[in-house]
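Look at the two complexes coming up: chain A is in both, with chain B in one and chain C in the other.
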Partner chain A sequence: MRAFVSFSVLALIVVGLALSLSHIPFGTDRMQVGNYYLDHGVADTGASNIVTAVVLNYRALDTLGEVTVLFIASLGLGVFLSWPKKKEGTQEEGKRELPEASLIVRRGSQFLFPLIILFGGYIFLHGHLTPGGGFQGGSVIASAFLLMFLGNNAYRLRHTPLTVTESLAGITFVVVGLIGLGVGGYFLNNFLPKGNMFSLFSAGVIPILYSAIGLKVGAELSGIVANMFESRSER
Partner chain B sequence: MTTGNPMMYVGAVGLIMIGLFTVLSKRNLIKIIVGLTLLDTGVNLLLVAIGYIHNRTAPILTQAHADPSKMVDPVPQALVLTAIVIGLGVTALALALAIRVYGHYKTLDTRKIRGLKW
Partner chain C sequence: MIYIAILTVAMLVAGLAAYFFRDLIAAVVACAAVSLIASVLFYLLHAPDVAMAEAAIGAGLTTAIFVIAIRKTGRYEK
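After this line comes the complex of A and B, so read on.
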């Protein structure tokens, strides 16, 4: 019965999608908005990566909302996993000791950890020049912490530095936006000089904003990973 | 009709369908969450495929490729960048909820969880 209902719902959706998509001339040419961004993006923002120009200049307010959504998700995850506090004596049966990883895995993860952090920093600092940006760099940084958790049984992450980093990065984003409001008349105005194209210090506030986003996303995702691992070790 | 390869759209819609079917028919909460991520990936792939134009490069100006008329539409890519992050947050939150549900009911089977039947 469930499979039948599922299949009929799916068939309906497939027919609807096919009917609607077949009338759109895909792949022929860009829309007007995309054309405008491509033709004027560099002159307007100074960023050679047009996707970054869209995300952090034309639609930067949406990015602030996106960062907020991720923040709320990580906050909710922390609340769900840490509340209510564990009751003693109810969950011994699920508790089993994990074997310690081998020496190669432990040392290898500790050796790779700073290199991966460095690579994440590179990705979010060059977000306006190359494919990449704050979200990608933050994910790479969080993967370094994930590697440490997987390779070292006793590894624990202190939450206070994470929270401080995250809050400072979020405050930086909003303060840069407010300075733009004060200088140029609208929120997240690009008030710094645009600089030379293809150089690291170009595109005005975009590297600052992307660094803030990179640190914030990295701290949030590392916090998510840490929360998950700690909830496992508690029960 | 389409100058691009229609297999891109077929693959993306196929991923969406696999994800939807998983969400609708599976009974394990973890499998349902995996279905949600598949659905998410399919939608993202469909958006990027819609923005793709045959024989054009990524919308990043470099010294070798500085001609904006040879680039694909950047708007769907910026949208998908947002959607990936939101999908990640949704997945993390759903997994945390699944952990709490398991701690309470000692099962992930939606038939055995009171109030989650259909």
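After this line comes the complex of A and C, so read on.
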């Protein structure tokens, strides 16, 4: 009986989907908004990277939501990993300290660390000109911290600067949006002048917002990596 | 075009390997291979923004976080 009911519900859904899909003409554009972005995006925003123009101008509010989701995930991981520390932190005293990495790995990671940070900063500062942006640059920065953790056993990250950076970046994003609300009438309005195309200081508020996102994502992902490593060494 | 087909097949093989491996470290490496091939595919399909995000997050950070988590727990699937 239950199988019959579930099969008939399934058949009903399949028939309904097929009927409704048969009314949609196949092979034609159903969305005209993408063509609008491609035609007018550069002139509207001044950003030569159309993806950035969509992410930080037309759909900037969604990006704020995305950053918030990442923040909540990082917060949840931090809470989860620090939860059982007081109860069982000492009883599982496994003496398996990792052997120190070789000199080449240690020095190599220390040499590459500032270069990778620089590359991440380049990616998010040029987010409106070239492919990439805040999320990509932030994750590159976090991978630099990951390299330091992997190469050096004694490497520890202080959490206070990370938290301060992340909070300031988030506040910057919201404050820029609120200034746009005050000046232009809607949240995250691009109120600064567009400037010359293909120059670093162009596209209005987009470089500011992407720098804020890059720092925030970098700090959050570095915090996640640091939390994972530190929780391992305390067991 | 032929590259895209080869890469897609390799991605499917890596995904199946990730499902069938009992050694979790090997499964995580297979997942990283899926992400890496996906990133190359995104690049070939003219989506460099997504390719960068996939390479940095999918192939890099996620793999590292999974490996740390496996070190903390158990290596072999029961």
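One rule holds in what follows: the second predicted complex is superposed on the first by the 194 of 235 C-alpha atoms of A that agree within 3 Å, B and C clash if a C-alpha of one lies under 4 Å from a C-alpha of the other, contacts with A are read in each partner's own complex, and residues count from 1 in each chain.
Note that contacts are C-beta pairs under 8 Å (C-beta built on N, C-alpha and C of every residue); 3 or more make two chains touch, one makes a residue touch a chain.
Everything quoted here is computed from the prediction, not taken from an experiment.
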{"item": "Which of chain B and chain C A:59 touches, first, second, both or neither", "value": "first"}
{"item": "Of chain C and chain B, partner touching more chain A residues", "value": "B"}
{"item": "Partner chain in contact with A:103 - chain B first, chain C second, else both or neither", "value": "neither"}
{"item": "Touched partner set for A:123, first chain B, second chain C, both or neither", "value": "second"}
{"item": "Contacts of A:43 with chain B and chain C, given as first, second, both or neither", "value": "neither"}
{"item": "First (chain B), second (chain C), both or neither touched by A:146", "value": "second"}
{"item": "Touching partner for A:69 - first (chain B), second (chain C), both, neither", "value": "first"}
{"item": "Partner chain in contact with A:3 - chain B first, chain C second, else both or neither", "value": "first"}
{"item": "First (chain B), second (chain C), both or neither touched by A:34", "value": "first"}
{"item": "Which superposed partner A:19 touches (first chain B, second chain C, both, neither)", "value": "neither"}
{"item": "Doubly contacted residues of chain A, that is, touched by chain B and again by chain C", "value": "49, 51, 131, 133, 135, 221, 224, 228, 231, 235"}
{"item": "In the complex, chain C residues that touch chain A", "value": "48-49, 51-53, 56-57, 60-61, 64-65, 68-69, 71-72"}
{"item": "Sites on chain A touched by chain C in the complex", "value": "49, 51, 123, 131-133, 135-136, 139-140, 142-143, 146, 150, 221, 224-225, 228-229, 231-232, 235"}
{"item": "Residue ranges of chain B touching chain A (in the complex, touch as defined)", "value": "1-4, 9, 13, 17, 20-21, 24-25, 49-54, 58-63, 68-69, 71-75, 77-78, 81-82, 84-86, 88-90, 92-93, 95-97, 99-100, 103"}
{"item": "Contacting residues of chain A [partner chain B, same complex]", "value": "2-3, 5-7, 9-10, 13-14, 17, 21-22, 25-31, 33-34, 37-39, 41-42, 48-51, 53-55, 59, 62-63, 66, 69-70, 72-74, 76-77, 80-81, 130-131, 133, 135, 197-198, 217, 221, 224, 227-228, 231, 235"}
